[in-house]
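In what follows, chain A forms one complex with chain B and a second complex with chain C.
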Partner chain A sequence: MSVPRFWRKQIARYNLVGTYCKACNEYFYPPRNLCPTCRREGEIGEFKFNGNGELVTYTVIHAAAEGFEGQTPYVLGIVQLEEGPRLTSQIVGDPKEMHIGLKVRPVFRRLGQSGERGMIYYGTKFVPA
Partner chain B sequence: MSVGIVSYGAYIPRYRIKLEDIAKVWGDDAEILKAGLMVFEKSFPDVDEDTATMAVEAARSAVNRAGLDAQRIGAVYTGSESHPYAVKPTSTIVAEAVGATPVLTAADFEFACKAGTAAIQACMGLVSSGMIDLGLAIGADVAQGAPGDALEYTAAAGGVAYVIGNKESELAAIIEDTYSFTTDTPDFWRREGMPYPEHGGRFTGEPGYFKHVTNAAKGLMEKIGTKPDDYDFAVFHQPNGKFPSRAASMLGFSKEQIKPGLVVPRLGNTYSGSCMMGIAATLDQAKPGDRIFATAFGSGAGGDAFSITVTDRIEEIRNNAPKVEELLANPIYADYAKYARHKGKIKLA
Partner chain C sequence: MREVAIIGVKNTLFGEQWDRSFRDLVVEAGVGAVEDAGVAGEKIDSMFVGNMSGGQFVEQEHIGALIADYSGLAKNLHVPSTRVEAACASGGLALRQAICAVASGMDDIVIAAGVEKMTDVPASKASSALAAAADREWEGIMGATFPGLYAMIARMHMHRYGTTSEQLAEVAVKNHFNGQFNPIAQYKNKITVETVLNSIMVADPLRIFDCSPITDGASAVILAPADIAHEYTDTPIYVKGTGQASDTIALHDRRDITTLEASVVAGRRAYEMAGLGPKDIDLVEVHDCFTIAEICAIEDLGFAKKGEGGKVTQQGETAIGGRIPVNTSGGLKACGHPVGATGIKQAVEIAQQLRGEAGKRQVDGAEIGMTHNVGGSGATAVVHIFSRNR
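Then we have the complex of A and B:
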């Protein structure tokens, strides 16, 4: 990932800042600039999620992508936040502890890095609450 | 005008390694080491944790504990000797992650194990002068110790954050005064680009730790006219259990006074977080009106002493964030292989 590309969405990744449509009461993460339901009638505003949610589904990665070899086995899951939006994230913890419906809370972790010389990417992951 | 602690927050990773498991790898006698160091296990980070992530967790905990508006924070200073970047501040990451940006000043501090208390002193000056409303001072480290070196038995991971302010009604503890004693003493260092620090062995004791801790502590008590009996609790930088216990007895403090803040036997030495973690553990238990004496030490070398009085406000904020004792509870024990992997001591091809 390029440095500017990460930086543009940095606040969203650090602090789970998404958006909210006042017209239809729907929450979005990652943030949307336009409500897909209300279109031009929508009224989009910024919304900071508290990050509490539930594990919708997950998988345990044993054969990792480049840069994640040191972390196997690790859990990748889909988390549904209390307000509704679903996001993909690493779930920190023992794979044996994971189950669908597990309550989770956010933590601040390293998401990755561009090799030893490049930028370190920080952001939100989840742990069992 | 008073200046003091508006809030505080601590973070300790869940992983622990017992000294036996390190001693086994290097053929050392764990019983002799445990008796000599008074350290039984130490914390280490998860694979995706570093000084910045721990500083953020501690800072968020501090902001939440007192329900503060992070936009009031006018300075973020992070003290560490393991900043993830050699050039690029940890403090900007923290400031963004607690929501304090963009109107603030920020910088990273380095003074071996006392960079965090130097950050507290800088914040005290800034709030007292009226330059800023609140200051955030952090000490965090993924402490480094070369494989097989004596430091490896104690070098731990953790972070502690203090919000410093001067509005009397907001202060959970008043810092009555601070006093520092600093000389150029090469007892411990790490050169640019080197992964692990070097140290002067026994030289770190008398001319380093004890000289600077006792002179800073005595200097402060002389300056404000107090004596060890005036304090309910005392905290000294804890590279191991033995040094702070000896410093306390040299100065006339009792074992009972240092007990609540002596977290090193179950945590290890969190370097920049060490003394600040001890103060946090003491604040977790102190009653309004209690007085705490604290002295941090940083190799290189210097001591920062603080005289602190706890206020009624502590009772209102104490339970709103995890206490040090809760962070020490429920650890995940791991062997040396997992520890080496988490600390990046095993290089992948």
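Then we have the complex of A and C:
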């Protein structure tokens, strides 16, 4: 991923800053600028999530995505935050301890690197709470 | 709106075809379908080509023009040619666009083709290209792979409904069994549940035999208004319904992880247009990019109750000779999955079945068939219903 492409969403990725619709009281992470429920009616504001949530489903990846070869096996999961939105992230920990419904909390981690000499990018992963 | 019929069909071989190029494959399919229909090039009004990622697989864009050119339809005839992209649903969408062109009265004879040449890049590059069908910024960046996304669907399905790894394996076993009777199939070898369960883990709980392969191949069909279809063939296959639906690009935003709502809605739209329901369908080609995907598909299209897709598969209801034969071609699993071609190949299979030309995999007395093509983890679905009777 190019530097500007990552940098544009750096605050959202580092600090779990998403958005919410003031009309529908619906929260979005990843952030959205248009509410899918009321579309243009509502007003969108920023919202910082505390990141506490629950594991909805997960997998243990053995055949890695490009750039993640050194990390296998790694746990990829869908986390539901307390305010409702769901996101995809890695869950750090023993794959054997993972289960649906596991309470998780966010941690700041290195996500990857663009090639051997490229930018290292960081973001939010989760650990069992 | 005019009624539309398929008057010609052709698949190339599906598989690893080191000696054949992108354009070789699609020209073979297109010319084959034109010959099957017995239609002259001068009669062709337009073409639509499903292709997911010529850019990443063969560093070629401007696919529509390239194919018109090498099909001999560009230099003198200047036939309009449009590439259609919706990840793995590109072929199904190209077919739908072609149907719309004929149904609207704008065009009469239209080619709908699909092609993907996936083995000119290493497998890692192919996987990365396919991952572009998911949300790169919010799934891919976290290390998501396509098997990983479908594995999360499988995990939830198992948790909620008690679906087992053995039931997933039965999908692959059935589709390999069917594949051995399909001359174009990439894999014609029978496998057992043990073969699947002993294969290497890709993304737990999905193993390599739960996954469709990387494939080169192309397919094409020729469409005509139903009123003149008999001028070209004794066995036109009529398009009775077409439905398309979109859903969230990312799996995490779905209302229910185990339901592809795009499949449900596209299916409902196609059923409504045809005035038919699941009980009227004699056979169906569904999008089994992974074994769990076939289980979700037969539930979402109304052939099994939610949660019982694994059970009905294990009981043999989806085998040839069963209550509702699913993926007689071998499906994506055994026939192969050249992503842009798959949606067209499904229509070719149904047309051959409804014509009674499917050989050892023929479903006796098949009159109405369905195709179901999915893009990504379910952000696009397209469903078609065909009949041998007008």
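General observations
Assume the second predicted complex is superposed on the first by the 129 of 129 C-alpha atoms of A that agree within 3 Å, B and C clash if a C-alpha of one lies under 4 Å from a C-alpha of the other, contacts with A are read in each partner's own complex, and residues count from 1 in each chain.
The working rule: contacts are C-beta pairs under 8 Å (C-beta built on N, C-alpha and C of every residue); 3 or more make two chains touch, one makes a residue touch a chain.
Just so we're clear, the structure is a prediction, and the values are computed from it rather than from any experiment.
For the composite obtained by superposing both complexes on chain A, the positions of chain B and chain C are free of clash and fit together. Using the contact criterion defined above for the overlaid structures, shared-chain residue A:Tyr122 touches chain B, although it does not reach chain C.
Of the two partner chains, neither chain B nor chain C is touched by A:Trp7. Which of chain B and chain C touches more residues of chain A is settled by the count: it is C. In the overlay built on the shared chain, the residue A:Phe108 is in contact with chain B alone; chain C does not reach it. Contact with both chain B and chain C is seen for A:Gln71 once the two complexes are overlaid on the shared chain. Judged by the touch definition given at the top, the superposed model places A:Leu87 against chain C, while chain B stays out of reach. Between chain B and chain C, the smallest C-alpha to C-alpha distance in the superposed model amounts to 12 Å. Taken together, the two structures place residues 71, 90, 111 of chain A in contact with chain B in one case and with chain C in the other. Interface of chain B with chain A (complex): residues 46-50, 52-53, 56-57, 60, 84-85, 93, 96-97, 99, 341, 344, 348. By the touch rule above, chain C contacts chain A in their complex via residues 124-125, 127-128, 131, 136-145, 147-148, 151-153, 155-156, 159, 200-206, 250-253, 257.
The touching residues of chain A, when paired with chain C in their complex, are 1, 5, 9, 30, 56-68, 71, 73-74, 76-78, 86-90, 95, 100, 111-112, 121, 123.
Looking at the complex, you find that chain A touches chain B at residues 10-11, 14-15, 69-71, 90, 92, 107-111, 120, 122, 125.
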